[in-house]
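Here's the structure we're looking at; comments come further down.
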Amino acid sequence: MPISIETRFAFHLPAPTDVLLQFEVAAIPEQTILSSETRLGDSEHCARVPARDHIGERIWIRAEGDFEVDYRARVDLNRQLDTLEDMAALAPHELPGEAVEYLFDSRYCPADDFQSFVEAQFAGTTGGARVAAIRDWIAEHFTYTPGSSTTETGAAETFISRKGICRDYAHVLVTLARASTIPARYVACFAPGVQPPDFHAIAEVFLADPSRADGGTWQLVDATGMADPAETVKIGVGRDAADVSFLTSFGPNDFRSSSVSVKKE
Amino acid sequence: MPISIETRFAFHLPAPTDVLLQFEVAAIPEQTILSSETRLGDSEHCARVPARDHIGERIWIRAEGDFEVDYRARVDLNRQLDTLEDMAALAPHELPGEAVEYLFDSRYCPADDFQSFVEAQFAGTTGGARVAAIRDWIAEHFTYTPGSSTTETGAAETFISRKGICRDYAHVLVTLARASTIPARYVACFAPGVQPPDFHAIAEVFLADPSRADGGTWQLVDATGMADPAETVKIGVGRDAADVSFLTSFGPNDFRSSSVSVKKE
Amino acid sequence: MPISIETRFAFHLPAPTDVLLQFEVAAIPEQTILSSETRLGDSEHCARVPARDHIGERIWIRAEGDFEVDYRARVDLNRQLDTLEDMAALAPHELPGEAVEYLFDSRYCPADDFQSFVEAQFAGTTGGARVAAIRDWIAEHFTYTPGSSTTETGAAETFISRKGICRDYAHVLVTLARASTIPARYVACFAPGVQPPDFHAIAEVFLADPSRADGGTWQLVDATGMADPAETVKIGVGRDAADVSFLTSFGPNDFRSSSVSVKKE
Amino acid sequence: MPISIETRFAFHLPAPTDVLLQFEVAAIPEQTILSSETRLGDSEHCARVPARDHIGERIWIRAEGDFEVDYRARVDLNRQLDTLEDMAALAPHELPGEAVEYLFDSRYCPADDFQSFVEAQFAGTTGGARVAAIRDWIAEHFTYTPGSSTTETGAAETFISRKGICRDYAHVLVTLARASTIPARYVACFAPGVQPPDFHAIAEVFLADPSRADGGTWQLVDATGMADPAETVKIGVGRDAADVSFLTSFGPNDFRSSSVSVKKE
């Protein structure tokens, strides 16, 4: 059952400006791109570079004036879905090099400070059961509140305010997982159930999978409850939102409009 | 003229604990390891994983009780040294994928917030001249003050307090370079001139080098003035100090002692 | 030459809610209220309490539904105006009890952290000349930028971003004065030159005045340059913006509109 | 049953420096000072000023070199002790002017950010029962950990780390009470049960007392459980620790030693 995605966004650059875009479905084994079409406005320069962990690509443009992005894709998902609660954690010393830095603090995820909290609040759970307990605790105690946070808000503020949007939910989940010594990263994605329809963000944790060469597998987890991992289409990953924005402008940029549509066919 | 390095440190683990170590000279083209010897205490498990950007290795151990690390190495440096002031910046859209995320905010380097400051303070400079101006500004306005900061201190606090140690100087330089759209990373290293002798930290910036395949080269910069890039031996790199600690313990750890000696032969 | 003030603002309380208001000209010796008229919407309860330092009054209301405030006043100012640059500071041990706590850190003014900065940046100045130097430094290095800050922004963030509105300029001035061991407070006021017309905020510092019983006098200082101390009408004072809001709601409140007009007759 | 207090502390001032001291038992109706003796080292200047809310005094000294403070007092307590759980809150609009600003955010107590948390966590409680619930929640979830915090630590960090000392426990209690629209202040005090013996800090909340002229009364609350309100001797009060330090130095100060002894006779 393919998922069809359409997004369009427009902005205005008052002067020649470098802009970094990352909005396309990542070409990775777990998601087959049946078709896709990317239309970009006119630019002086345009270059593609691989994105973090070789998941997806970033597009550099240098342009001026009005700029519009128009993208559509059809994707088949064949993601391995395990039962989170049944999955074990890897001991830290079993983690592959690529997963190690997802244990560390990042801009919006100061995990170290939360060690006492997670030990007390989620005592008795480990691995996937710990992650599920964290996800359920966030879902129960936080209120999804558009407008309550900004692009500067980090997991510490959200943990206190108990309010936020998908970005904030993902940051708190990533933070509490790392504080539990479970590697966790931030995933920009498309998902059909998101209301209002928009780019979405969820978390991904690295848990044991004896069938894999490196001993582990990344599993998607959404504390907002809006995205079903089976139907979530990845754009890119990062340590937190600082790493995966769909638009980063290195100079003034007047954002004009955006629309996102994600549908199961 | 080889550089000889000796370091020894000891800690006590009250219970079986995972510990991540990164203290050895990185085996990379610009530094030739003439000889080296690593002695680790007894451990239940011991594994090596590649470190960030494939610069150096991290060692996982799982151990209990007293643990001692004893390391010595002789290294020849053949680093390409350019004149910082003469180097141009790459335009953002010319940056290779690996360098891109060194533009982004990280745990201790909230670069975005400093854009107005760098534009006003360092107006008229670009590229290597901008980095040199940042380095000199820090050297002039900050006081090297052991004890004035903690492992929680970030570049924003240091920018205000105007005090810190090598870690803090590097964080501010990295932050102001990124705010200038110049990729910058944090480098853990050994260097002969450091007083008191200890592990050292400096910054590294990515500037244009037409002779390289990816168009750019990383250049070491030390705002403390203690380390000469020609004599600096790299251990590892990261987005900031959150990524490259010589010892990270995933459980209680009583640190006992450490000594570092770095000499030109 | 009297100053005439008109302000009107309206809000909607979806449920019975306590609201604290402070918007009237303070009845203090330096400003003579020629006439004034306060019209408040209907409320279940309404009480007046003295405001901080006995400058002005706060009005408690408990109300529900639409609420409108309509206020007009004519005021004559007879404030003692000294030349800031000529005024000496009091030594800390000469400060009266009331002024002492205006040396301490408050919510948005973490003055302690700025001691090294002020010593280096404003070396060679003391007392009123120090305050004038701080005011001029802010005016030169900061950009008045509506929308760049929120009600959560403190002086540390503004010092870094170099952007803000009157509230932020006042916070930075208060912070740097306190870091210089000069008592400083935050003043909510009306002033004719403010563009766009709105409630205004400036700083006030306590400097030596041998003619006064307690040895000192408060002097208004506006780093935005918009308000002339000779024409500034005080509403209230506090340690920072946390203490003097024109409207504080202890429950949901939909703010609807406000207008402020301040004119020299 | 009088309480006898002895404290001695010493410091060294490398240059002539202003120092603010507040370490003596406050002369207020609820505590009768049977005898007291204050011995201060030699100073160039020495002045007493009333402290905040007219509770206790601050002593300004200007001195150089070694300085020693030696203080002893015998105190009888006749504090009105009500059962916290039985006390009602005053509605905000019933609060006297002096209590109002103890609702506002202060340096270490960012209460506004905690409104959603207190509403959810302590739903169904009001007034003294709310305060008792907050006190018990802190006592259950936090670990008294000397060395885990610094003089820069605020209630937000402590709320996350779940660790601290008396100062941190008091800050969290004050913050959560204010977030519940209950005025709360920080109290520096002496108390017999404190281990290790030292200056102590607890919180005080303003609750309804129909027998009082202003409708309310301040009640001591100690989330650490170490100080019995019946045996707690007040030194001074403030919005948080920024306001009531036993020693604030306006210049370099090498602290040498201190001892505190508090005994029931």
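Just so it is clear, A, B, C and D label the chains in written order, and each chain counts residues from 1 on its own.
In this text, a contact is a pair of C-beta atoms (placed from the backbone, for glycine too) under 8 Å apart; a residue touches a chain by one contact, two chains touch by 3 or more.
From a predicted model like this one, the values you see are computed outputs, not experimental measurements.
Asks: Between copies chain A and chain D, are the contact residues mostly the same numbers or mostly different, with half as the line?
Replies: same
Asks: List the centre-to-centre spacing of chain B and chain D in whole Å, with centres computed as mean CA coordinates.
Replies: Roughly 43 Å separates the two chain centres.
Asks: Centre to centre, by mean C-alpha position, how many angstrom separate chain A and chain B?
Replies: The computed centroid separation for chain A versus chain B comes out at 28 Å.
Asks: What positions in chain D touch 2 or more of the other chains?
Replies: none
Asks: Considering only which chains touch which, how would you classify the arrangement: line, ring, star, complete or other?
Replies: ring
Asks: Which chains are in touch, pair by pair?
Replies: The complete list of chain pairs in contact reads A-B, A-D, B-C, C-D.
Asks: If we count contacts the way the header does, which residues on chain A are in touch with chain B in the complex?
Replies: On the chain A side, the touching residues are 18, 20, 45-47, 49-52, 58, 60-62, 91-97, 100-101, 104-107, 110, 181, 238-239, 242-243, 250.
Asks: What part of chain B is in contact with chain C in the complex they form?
Replies: Answer in residue numbers: 113-114, 116-117, 120, 141, 143, 156-157, 159-163.
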